[in-house]
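Shared between the two complexes below is subunit A, which has subunit B as its partner in the first and subunit C in the second.
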Partner chain A sequence: MTNYLIRRIIQMFFVIMLAALFTYFLFTVSPGGPLAGIQQQQRRITREDLARLRANYELDLYWPIRFSRWLIGVPSGPIVIGGRELFADTPVGCYLPRDRQVVIQDGQQVVIPAGCDDYVYLSEIPKLHPAVKSSRGILRGDFGLSTVVRAGRPVWDEIMSRLPATLELMIISTLLSFLLGIPIGIYSAIKQYSRFDYTFTTISFIGSAMPTFFFGLLLILLFTVFPSMLQNTFPWLPHLPPGSRLAVRPYEVAPWLPRVTPGTALDHFLHLLMPVGVLTFFYMATWSRFVRSSMLEVLRQDYVRTARAKGLYERVVIVKHALRNALIPFVTVAVLTIPGFFAGAIITETVFAWPGMGRLYYDALTRSDWPIALAFIFVTALLTVIATLLGDVLYTIVDPRIKYS
Partner chain B sequence: MTTVSRPILDRGRAYEDKQESQLLVVLRRFRRHKLAVISTILILFIFGVSLLAPLLAPFGRDAIDLTSPVRPAPPGTHDMAGQIHLLGIDQLGRDLFTRLLYAARVSMSIAILVVLISETFGMLLGAVAGYFGGIVDTIISRVIEFMLTIPTLPILLIISAILLRRDVVIPLPGFINRLLSGLLLAPEREAQKVVVLVLILVVFGWLGAARLMRGMALSLSKQDFVEALRAAGASDARIIFRHIIPNGLAPILVDASLALGGVIVTESALSFLGLGVQDPTPTWGNMLSTSQSYMFQHPWLPLVPGIPLVIVSIGFNFIGDGLRDALDPRLKR
Partner chain C sequence: MSRLLEVKGLETRFFTQDGVVHAVNGISYDLNEGETLAIVGESGCGKSVGVMSLLRLIPQPPGRITAGQVLFGAGDDRKDLLKLSDEEIRQVRGNRIAVIFQDPMTSLNPVLTIGFQISEALMLHMGMDSAAARKRSVELLELVGIPRAAERLDDYPHQFSGGMRQRVMIAMGLSCNPQLLIADEPTTALDVTIQAQITDLVKRLRDEIGMAIIWITHDLGVVAGLADRVIVMYAGFIVEEAQVKELYANPRHPYTLGLLGSLPRLDETRAHRLTSIEGLPPDLIDLPKGCPFYARCKYRIDICAVENPLLLPIGPGHKVACHRDISKVAPTVVDEVETV
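And now, the complex of A and B:
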C-alpha cells in the first residue's frame, strides 16, 4: 500500500506538471491575450510604449522562462554562487521585438516576428521585473497578481472573496442531490420496472440531458418573468430575484411575505432557490441513476438470495446486506465532486449572475486575465487528481477485497 | 434439418422464417422503448426540416424587417408585404422562424460532424491499443487518462476563447470550408470559424469511443477466432478492420447516439457563453444567449430556440438508451 501510494503520488506530480505546462502553453500560443487589438485601438502607440506594456505582463520573457517564473518563481535574476553571477548575459527574452508586415495571398496584411532589437538578459530581470511585482511561484502558494479583472490585486485575494459564494452553492446542491438522489435510486432498484421506477428513471434521464443554461432560463421565466407580468391578475404570485447573490435594495417577493431587506437570511435563501434548484436537479439525476444501477447489480448477487433464503426480513436484506455493498462504488465516485466545490458551475453561475468561482473564471477568460484563469485551472486540476487518488484509496478501505500492490 | 433436400429457391425464405435478420431483431427490440421511438420521430422531423431550411424558410437568413415598429416583436407579426413572422422577430428584426431552421441545420451539422469524426478516430485508436497491447496500449491509455483528468469545460472555454474571439484562420484545404459552408448554408468566412469549433470538440470527443473500443478489442483479441485468423495468415489490419471493429460496434453506436446529444448541448453551451458560433451564423445556443437580455420584456424569446434544443438533447439520450436495450443480447426477452 505504501509503495502504491508513493508511486501514485509521483505519478500525480507529473500529471499536474503536464496539465500546468499544457494550459500555460495554450495561453502562450494564443494570439491576442491582454494586449490584443491595442494597436487598432490606439493608433499612435509607439513601439517603446508597447514594449513597456508587454513587459508589464511579462510578455517580454520567453515563455519557458515565464512558465518557470509562474510555477516556482525562478529565475528572478542571475544565479549567484560565491559572489560570482552565473549566466548573467544569457538572453531570456526580447524587450523590443522587430516585426515585419507580410502580405499573404488574398491581400491581407499579417505581422510576423522577425528577430529582436533589444534582448532581455538574465541580469536585467531584477530591474525589469522586481520581486515585489512578480510571483514567487504557484507551487510556493503565490498565485501572482490579477491583470484585468482586479488589476494589481493578488489573485489569491480575489479567489478567496469568490470562494464562499461557490462553496455555498455547491455544498447545498450536492448535499440536496445526495439526499434526494440516493433514496430515489435505491427505491427504483428495489421496485424495478414499477411505475415509480419508470417515472423517476425518465425524470432523471431528462435531468441529465437537459442543458442547464436553458433550465436556468426556464426557471427565471417561470418564477420571475411570468409572475411579474401577471401581477395585475394574480397579485399573490411570488416572484423570485433572477440573479446575483444578495440584493442591494429592499424588495417585495409576494404580498403575503414581509418586504425583504438585503443581507438577511431570507434574502440569501430567495437568491439561492433557483441556482440550487437547477444544480440539484442535474446532480440528482446523475446520482439516482448511478445508485440505481449499482443497487441492481448487487441485488442480482447470490449472497442476497442466500440472505432472503435464510428468511431475513426484506428490509434487513436491503439495508444491511445489499445497500452496504451498493454504496461502495458510490463512495468512490462521490469523492470526485470535491473539485467542483472549488470550480463551481460555470454555466449556472453565469446564467444567474452568481458571484462565484465559475463566473470569475469566465470573466477572466473573456477579458484575458491569464493569471486568474491559470490559477483556476491549476487548482481545479490539482483537486481533481487528489480526489481521484482519494477515491482509489477509499475503495480499499470500504472494500477490503481490493488490494493495490 | 430438412433444408438440404429443399429446392434452392426456397432456402432463403425458410431461413428467414426460422430466424430474423440481426437488424430486424434489433429494430423489434428498439420499438419496445416507446420514448426512444417518439424521440426518433421528433429528431428525424427536426433533421428533415433543417435539411429543407432554404425551401421552408419564409425570409432570408439575415434579412432584416425594418418595417416592424417594435423589435423584438411577438409571434404573428406581419411585415409590410403582409407576410407573417410565425415566431416573431429578434432584436435586429430578423425572422425567428427562419433563423430557427438555419440554426437547426448548424447545430445538427456540427453535432453529426463532431460525432462522426471523433467516434471514428476513437474507435481506430482504441482498437489499435487493445489489439496490439504493450507499449502502444500504454501510451494511448496514458494519453486518455491524462485527457480525462483535465477539466473539460474550462479547457474548451480557453481554446474557443482563444480561437474564436480573434480572427484566427486555421490553414485548411479549401474544400473543407466549401463543404461546411454548403452544409451550413453560411458564407465561407463563417464556415471557417465553425471548422475551428468542430476541431475543438473533436479533441475532447474521442475519449469515450477509444476507451470502449479498447476494452472490446482487449477481450476480443484473446479469443480463439482471432488466434485462428492469425494462424490462417490474416494481416493485423484485416483482423482489426474486418473482425475487431465490427464485433465491437454495438457499444460504439450507443455511445455515438449519446454523444450526439452531448455535443449539441456542449456546442450550445459554448455559443450561449459567447465562445462558440458567433452571431450572424445562427445556432440554438447563441439565439438563447441573445434572448437572455430581452427575456424580461419578451418572455417567448428563449423558448423559441430552447424547446427544439431540449427535444433534441433529451431525444438523443432516449435513442441511446433504446439502442442499448436493443443491442445488448443479455437483455433479450
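And now, the complex of A and C:
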C-alpha cells in the first residue's frame, strides 16, 4: 500500500506538470489575450507603447520562459555560479517585434510579426521584470498578480476572498443533494416501476437535462420578476433577492415577513435559496440516478437473494446487504465532488451574481486575466488528482476485495 | 415417515414485456420427512422457479404465483406457504426451509465476512447473542469441513475457493437445523472433483441431521447415489416421477429416456456415442397446444400434437405424462446406470 501510494503520488506529480504545461500552452496560442483589441481600439498606438504594454504582461518573454517563471519563478535573472554570470547574453524574449503589413485577398490588412528589433536578454530580466512584480512560481504557492479583474492585486488574495462564498454554496448544495438524492435513488430502485419511481426518474431526467442557467433564470422569473409585476394583485407573493450574496440596504421579501436587515442570517439564507435550489436540483438528479442504477444492479445479485432466503427482514436485506454494496461505486465517485468545492459552479454563480470562484473564473476568462484563470485551473486540476487518489484509497476501505500492492 | 411437503398445482408466470413466461405449469408432488427428492431437467425448464416459488423468492414483479398450494409442516402445524403473511414466510425462510444456490461465487455477499453471514441467521432465528452465534459458526464450518475454521471466520468470500464457498453456503443453510434443504444445482458451477466432494458432504450431513432435501440438477448422473425419488421436468411440467432405481430401470417418458441416453457409462466396453436429445425446449412464452415435448419426440403420434398428456400413475410410485407406453414400442435403451 505504501509503495502504491508513493507510485501514485509520483504519477500525480507528472500529471499535474503536464496539465500545467498544456493549459499554459493553450492560453499562449489561443487568440485574444490581454492585448486583444487594443490595436483596434487605438489605431494611433505607437510601437513603443505597445511594447511597454506587452512587457507589462510579460508577453515580451518567450512562452517557455514565461511558463517556467509562472511555475517555479525562474529565471529571474542571469544564472550565477561561483560569482560568474552564465547565459547573460542569451535572448529570452523580444521587446520590439518587427511588424510587416500583409494584404490578404479581401483587402484587409493584417499585421504579422517578422523577426525582432530588440531582443530581451537574460541579464535584462531583473530590470524589465523586477521581483516585486513577478511571482515566485505557483509551485511555491505564489500565484502572481491579477492583470485585469483585480489589476495588480495578488491572485491568492482574490481567491481567498472568493472561496468562502463558493464553499458555502457548494457544500450546502452537495450535502443537500446527497441527503435527498440517495434516499430517492434507493427507494426508486426498491420500488422500481412504481409511481414514485416514475415520478422521480422523470424529475431527475429533467433535472440533469435542463441547463442550470435556464433553471436559474426560471427561478428568478418566478420568485423575483413575477412577484414584482404582480405586486398589486398578489401583494403576499414572496419576492426573493435575485443575486449576490448579501444585500446592501434593508429590503422586504413579503408583507408577512419582517424587513430584512443586510448581513443577518435571514439575509444570508434568502440569498442562498435560489442558487442552492438550482444546484441541489441539478446534483440531486445526478445522484439519485446514480444510486438508483447501482442499487438496481445490486438488487439483482445472487447474494441479495441469499439474504432473503435466509429469512432476514427486508429492511436488513436492503440496508446491510444491498446498500452496502451499492454505495461502493457511490463513495468513490462522491469524492470527485471535492474539486467542485473550490471551483464552484461557473454558470449558476454567474446567473445569480454569486461572488464565488466560478464567477471569478468566468470574469477571468472573459476579460483575459490569465494569472487568475491559470491559478484556477491549476488548483482544480490538483484537487482532481488528489480526489481521484482519495477515491481509490477509499475503495480499499469499503470493498474488501480491492487491495493495492 | 410423515408428509413434510405437499405441492399442489403450482403455477408460476412471469409477466414480461415480451409476453407471459409460463415457467411452472401446475406441478404437484410431495415429500416425506428426511426424504431426498431430485428434480432434473434441462436448464430453463422451470426447476429453479419451481422451488423458489415454494418460498416466494421469485422476483415479484415480474413474477407471480398464479395458482397452487404449498402445504408445509407436519400435522396441525401444516400451512399453505403461499397464504402466509410476509412476516410468517420470512420466519420459514432460512429457518425451517433453507436454500443453497447454484453459483457459490456470487451467492455470498462480497463485503461481509463469512462469520457475519453465518451468524446473522443464527441470531435472527435461534435468538443467539453474537458470541454464541460466533461459536456455533465455527462448529458449522468445521462440520462442513473447512480447515482452521476459527481463523477463517473473519475472512471475506473472495478469500475462499469455489468449493469452499459452497461449503460455507451449506453451513449457512444448515445453521438453523432446517427440516428441508433446497439445493439448486449446488455443484453445477464447480469442478468435477469438487462436485463429488460436495455431493458426498451433503449425503453425510443428511445422514447425520436427517433433513429432507430437494436436489435440483440437470445431470441425471449425480442423482443415483443421492436421491430416493426423482422428478423429471420439461417446459414447466412434470413429465415423469419415480423412485430412483425404477426410473433408471424403467424410464417411461421419451424425454427421460433422452436424458439417460446422454449419460456416459462406466461399464461401457466399446466407444459409444453419447446420444443427446436433438432440438431445443419450446418457448415458454408460446407453449404449443399439445405435448410440450412433441417437437423433439421420437415416439410421437397424432394425438400428441393436440393434447398434452396428464401425469398418470403407471405403477407403484411411478407416474408419467405420455400418451404411449414406450416400453412396449421400443426396447429400453438404458437398463441400469452406474453412479458417476
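One rule holds for everything that comes next: the second predicted complex is superposed on the first by the 404 of 405 C-alpha atoms of A that agree within 3 Å, B and C clash if a C-alpha of one lies under 4 Å from a C-alpha of the other, contacts with A are read in each partner's own complex, and residues count from 1 in each chain.
Convention: a contact is a pair of C-beta atoms (placed from the backbone, for glycine too) under 8 Å apart; a residue touches a chain by one contact, two chains touch by 3 or more.
No experiment lies behind these values; they were computed from the predicted model shown.
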Worksheet item: After lining up the shared chain so the two structures overlap, which partner does A:217 touch, if you call subunit B first and subunit C second: first, second, both or neither?
Response: first
Practice prompt. Applying the touch criterion given at the start, work out whether A:380 contacts subunit B, subunit C, both or neither, answering first, second, both or neither.
Written response: first
Discussion item. A:311 in the overlay: touching subunit B, subunit C, both, or neither? Say first, second, both or neither.
Written reply: second
Worksheet item: More residues of subunit A are touched by which partner: subunit B or subunit C?
Response: B
Discussion item. Show me the residue ranges of subunit A that touch subunit B in the complex, using the header's touch definition.
Written reply: 15, 18-19, 22-23, 26-27, 30-32, 36, 202, 205-206, 208-214, 217-218, 220-221, 224-226, 229, 242, 339, 343, 346-347, 350-351, 361-362, 365-366, 373, 376-377, 380-381, 384-385, 388
Practice prompt. Spell out the residues on subunit B that touch subunit A in their complex, using ranges where they run on.
Written response: 35, 146, 149-151, 153-155, 157-159, 161-163, 165-166, 168, 261, 265, 268-269, 272-275, 288, 291-292, 295-296, 299, 302-303, 306, 309-310, 313-314, 316-318, 321
Fill in: Residue ranges of subunit A in contact with subunit C within the complex
193, 301-303, 305-314, 316, 320-321, 324-325, 328, 398-401
Discussion item. Can you tell me which positions in subunit C touch subunit A when the two form their complex?
Written reply: 55, 57, 61, 86, 90-95, 98-99, 101, 103, 106-112, 120-121, 124-125, 156, 158, 169, 172
